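Here you go, one structure.
Each chain gets a letter, A, B, C, D and E, in the order it is written, and its residues are counted from 1.
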Amino acid sequence: MKLARVTGTVTATAKDAQLVGLTLLLCDVVDGKGKVLEPAVVAADTVGAGVGAQVLIVTGSAARLPARTTGVPVDAVITAIVDHVDLG
Amino acid sequence: MKLARVTGTVTATAKDAQLVGLTLLLCDVVDGKGKVLEPAVVAADTVGAGVGAQVLIVTGSAARLPARTTGVPVDAVITAIVDHVDLG
Amino acid sequence: MKLARVTGTVTATAKDAQLVGLTLLLCDVVDGKGKVLEPAVVAADTVGAGVGAQVLIVTGSAARLPARTTGVPVDAVITAIVDHVDLG
Amino acid sequence: MKLARVTGTVTATAKDAQLVGLTLLLCDVVDGKGKVLEPAVVAADTVGAGVGAQVLIVTGSAARLPARTTGVPVDAVITAIVDHVDLG
Amino acid sequence: MKLARVTGTVTATAKDAQLVGLTLLLCDVVDGKGKVLEPAVVAADTVGAGVGAQVLIVTGSAARLPARTTGVPVDAVITAIVDHVDLG
């Protein structure tokens, strides 16, 4: 999984029917200190994350395991709002 | 998923039979402000996108969840034409 | 698979129900001599690894083959604590 | 998918039995103008591509959807010989 | 698939039970002339490759198609010992 910071939202009218009602958030993948590693990953939200939140993104086929995205054509999903990253 | 800009089209005669009739668009993956992050991804179109459109690309096994690409050997599909990217 | 060094822990309250009880460790992917190749990969632990340990990370759908992560939305899992890397 | 240029061939005697009879081509992933983006991807050929041809490569689980590679341990397959890339 | 050079071995005692008995080799992904493209990929061996051998690595779900790794949590497997790379 990746740590990420939500930076914005993506809206679309002409889209696959299965994306209707799904919130798409623009995220930057970051390291434990917040440095951007990979910008502009679009992830479907399943935990009510908002812009500015630090989140956990899962990618690939795992992105369709949460109930909300089962069978939906997504490859990146937010599965947690991160409380704390403890750099041991 | 990734934001992308459609930059061209790809045509082929000698191809897997399951690709027949599928529109293949050349895209650059971009960030929220349009900066190119990854050039030249070829994606199958499922929403009628044209050259110049800002789109959403899904990759991996998710690319075969839209009805049009089920069972088709593709790993990247355009699933939406983006109306708006709001950088919160 | 990748060699990695565990660098910290990630905790979250608001999360997919299937992540409850799973230990999420922050890791840096390293080469055989410990040089960091890819920072900040979050992996679910299945072998009791702690901060500082050198581990083996598997990614993609393989991450859901260990019993502990079957059906869980994870894309990276620690499957071994490395004893020794022998550079032949 | 990716655009690629076939640059050579790969031969092996000691190999997984399911690779027997499969042509393995060495390819460079290129952009729409032929600039190399990723060198040295080995792809199984399913359309009779030769060295120098511009081709379409599909990767991941999609690589096992063509009849010739179903169930075969490959993660990259050539599914088309590209006639034309039109940069709109 | 990728061309790779085996550079070492990885051993672990505390590991997923399904990894027991599997040889894990440390490899550098290389181009057709041997230049390192991606260091330190750990791959399960299924063809008796040794340190120094030039091999073919398959990644992702394909890594679990060889009989030896079916159902095993691996994402990279050596499926061939390369005899020859012919740069056309």
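Rule of thumb we're sticking to: contacts are C-beta pairs under 8 Å (C-beta built on N, C-alpha and C of every residue); 3 or more make two chains touch, one makes a residue touch a chain.
To keep track of the chains, here are their UniProt names: A, B, C, D, E = Ethanolamine utilization protein EutN.
Just so it is clear, the structure is predicted and the values come from calculations on it, not from any experiment.
Asks: Rounded to the nearest 5 degrees, what angle rotates subunit A onto subunit E on CA?
Replies: 145
Asks: On a C-alpha centroid basis, what's the spacing between subunit B and subunit E, in Å?
Replies: Centre-to-centre distance between subunit B and subunit E: 31 Å.
Asks: Using mean C-alpha positions as chain centres, tell me how far subunit B is from subunit D in Å, no decimals.
Replies: The mean C-alpha positions of subunit B and subunit D differ by 19 Å.
Asks: In subunit B, which residues are in touch with two or more of the other chains?
Replies: 59-61, 63
Asks: Treating touching as the only link between chains, describe the layout with one word: line, ring, star, complete or other.
Replies: Looks like a ring, each chain touching just two neighbours.
Asks: Could you read off the chains around the ring in order, subunit B leading and subunit D following?
Replies: The cyclic sequence of chains is B, D, E, C, A, beginning at subunit B and stepping to subunit D.
Asks: Which residues of subunit A touch subunit C in the complex?
Replies: Subunit A reaches subunit C through residues 1-3, 29-32, 37, 46-48, 56, 58-63, 65-66, 77, 79-88.
Asks: Okay, in this complex, where on subunit A does subunit B touch?
Replies: 6-16, 18-19, 24, 26, 39-44, 51-52, 59-61, 63-64, 71-76
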